[in-house]
Structures are given as C-alpha cells and as structure tokens.
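Pasting a structure here, questions to come.
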Amino acid sequence: MKSYRKELWFNLPTRRGFVNITPDVEKCVKESGIKEGLCLVNAMHITASVFINDDEPGLHHDFEVWLEQLAPEKPYERYRHNGFEDNADAHLKRTIMGREVVVAVTEGKLDLGPWEQIFYGEFDGKRKKRVLVKIIGE
Amino acid sequence: MKSYRKELWFNLPTRRGFVNITPDVEKCVKESGIKEGLCLVNAMHITASVFINDDEPGLHHDFEVWLEQLAPEKPYERYRHNGFEDNADAHLKRTIMGREVVVAVTEGKLDLGPWEQIFYGEFDGKRKKRVLVKIIGE
Amino acid sequence: MKSYRKELWFNLPTRRGFVNITPDVEKCVKESGIKEGLCLVNAMHITASVFINDDEPGLHHDFEVWLEQLAPEKPYERYRHNGFEDNADAHLKRTIMGREVVVAVTEGKLDLGPWEQIFYGEFDGKRKKRVLVKIIGE
C-alpha cells in the first residue's frame, strides 16, 4: 500500500469565497503514483469547508445568499461564541457545506462524475489556512 | 490491497425520491471479495445525494417537507442559477443531505448499525443518473 | 494492509449533548499500530452524529440553539415520523451535523488541524449508543 500527503495553502482576501481546487487535487493524485485507492480532501480549519458541486457563478451566489439566511453573520452578539471572536456564523456555515470529501481514485485519476468539481469554501478568510490531501492505495 | 468499482444507475420517474440501495451495496461488497476495508458510496451528480438514515416512510415525508422549507423549489426566479435550468434547489437540498457515505467493511460485510440503511436521494430526477461504489481493502 | 475496528459506547443522561472523543480515537490509532492510512469514525445510530469542530462551550450552545431553529423538537406532531416515537427532530439534526468523519493517519497519529476536535453528537440520548472506529493502512 502506498500513501501520499500534501497540504494546500490559501489566503483569501475576502471573508467568504469558493476556490475550485480540482486541478490541485488531480495533480496530487498524479504525484502520488496511486492508481486505485481513496483520496481524502479536508479543511484543516473549522471555519472552512471542502465540498463538491458545480463550478457555476450563479449557483455560488445562491449558496452565499442561502448560507446567510440559514446562519447569518450579524448581529455578532446573536452567538455566544462571539466573545473575543466574530466568526460563529463561519462554524455553522461550514457545518452545512461539510468538512471533507472522499473521492475514488481509478486508473490513476480522480473518479468524478461529469459536473463534479472540488471546492475550498472559506467562511472566515483574510488569513492563511490549509487543506489536507491524503491518498492511500496502490 | 484489492480494489473494486461499480456504478449503480437510477432513473426516477419523479423530481424527488429516496431509494434504499443497501442490498445493492452489500452485493458489491460480496462481489469484491474484500473482507476488511472501506466502502465509499457517492452520488456522481451534484443534484443527488447518498446518505444513511432510517427506512421509514413517515421520516422520508418529514425530510421532503423539511428540505422544501430550507431550500424551496419555487419560485424558480429566486435562484440566480436558474437561468437555463430550474434545479438550484436540488443543489442546495443535496448539500444538506450529503454527497457520500463511507462505510466500514468487516468480515466481508457492511459494518452498519442496527437501523442504518443507505439511500440514494434524488432531487432532480426524470433522467439517468449514477452512484459510484468504490471499495478498497483485503 | 492492516485493519482495526473498535466500538465506543455512550449513554448520555440528557436528550442532547456533545462529547469530545478525540482522545479515544487517538488511542485507537495507537492501538492499531497503523502509521499511514485513513480513520473512519461514524455514529452507528441514525439520531446521533460524529463531527469535527471547536471544543468551545459558547459554540456548542450556539449549535444547540441553531439546530433547534432549523429542526425544532416540538411540537412532536409536526413530524409524521412521530407516531410511536418522538425523535424525528433528532434524525434531522444529525443530518445537518453529519454521520461520519474520515481523518488521515500520518506518522501514527490523527492528522488534525490546530483546532480540529472530534465530537460525538447525541440528539436522542438517555440510552446506550455506539460509535464505530475503523482504521485501514500500514
């Protein structure tokens, strides 16, 4: 069994944003030399997400509006977590979007459906944060 | 290490619906010959879900009502994604329900709790769609 | 390839609660002898969750308030599932929080980010319930 590990770093200029990391993860699979296995991609921070959906700007706008309805950023005082911090909403938004995805590796490639793209979801940006890619297989 | 891959195909006659796929996934585990490992089951489409919950029609009705409250299908114009399409709500509903499950394989069987059943969740049906089953182990 | 399996048991005195199980899972990784691999941690019950977030009491209070807004416990009659049972809300709350996490194992340890902690989330307690830890790797 082979294993591979890599950290992807991000520093978004905005509080919230989505980054398509599919090419980065595909590159990791290639580097790993693994032909058949499982690829875990997870946010290492608890106010960020890794998720799979469509790379379509209208949908990304819909996600932003929807997440603000389900877990509004303000007023900050609505959350008990916001004593020294102001990012309670980011913890909730990331819970909706998910921490991680597990993707099959088949014949040396990410085994994704036709429209599946892997995204880093940032909900408390303007700082350096990481995604972990771990692949095991043969 | 062994690996196994199979696609399960669906074509639901309705826009939304749940299908219990536990027997299909159990059959995959048997076919794989893998005794100890991990089994990934994921929707290959971004308006569908694979999730684990109870096989109880009352609960499935509750899920339908609840998801419509959290991410209503209509009016279609409420979503920017709905230019040429009308399925933005399906992307959001599937986000709540999740893309994938990872289930342990132990002694050649799915290692599920007493009430755990694996479901395909369709949120934009009336077309052919796929689920990927990938198993690795020994 | 090595594999390891363990059940963690819980019996919370309250209907809802969060338990930090990171030390228990870390102990499993040590016991397994696995240095590089993947660790699946999942609730074996469909009214409970395993999730990763911050070990901060204010945030846990915010989760409780937020989940009650998204999927209220009462009135029980609002859910069709609640014929002989009263726990439909627990099925929905656990759906938001997630069934499982997959964590990388690197150099014999859980490969977690600086604030990542693994929690058991109970939404229908006062009874014995289980979490499954399954680790594969080498």
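First chain written, first letter: the chains are A, B and C, and each begins at residue 1.
Please note the rule applied: a contact is a pair of C-beta atoms (placed from the backbone, for glycine too) under 8 Å apart; a residue touches a chain by one contact, two chains touch by 3 or more.
Listed by chain with UniProt protein names: A, B, C = Secondary thiamine-phosphate synthase enzyme.
The structure displayed is predicted, hence computed values, not measured ones.
Judged by the touch criterion defined above, the protein chains are all mutually in contact, each touching every other. For the pair chain A and chain C, the fraction of shared interface numbers is less than half, so the two copies use mostly different residues to meet. Each chain gets one centre point, the mean of its Cα atoms, and the points for chain A and chain C are 20 Å apart. Shared interface positions of chain C, i.e. residues touching 2 or more other chains, are given as 1, 38, 70, 96, 98, 102, 136.
Looking at the complex, you find that chain B touches chain A at residues 1, 3, 5, 38, 40, 42-46, 70-71, 79-83, 88, 91-92, 95-96, 98-100, 102, 130, 132, 134, 136.
Taken together, the chain C residues at the contact with chain A in this complex read 1, 36-38, 51-54, 56, 58-59, 61-63, 66, 70, 96-98, 101-104, 106, 111-116, 136-138.
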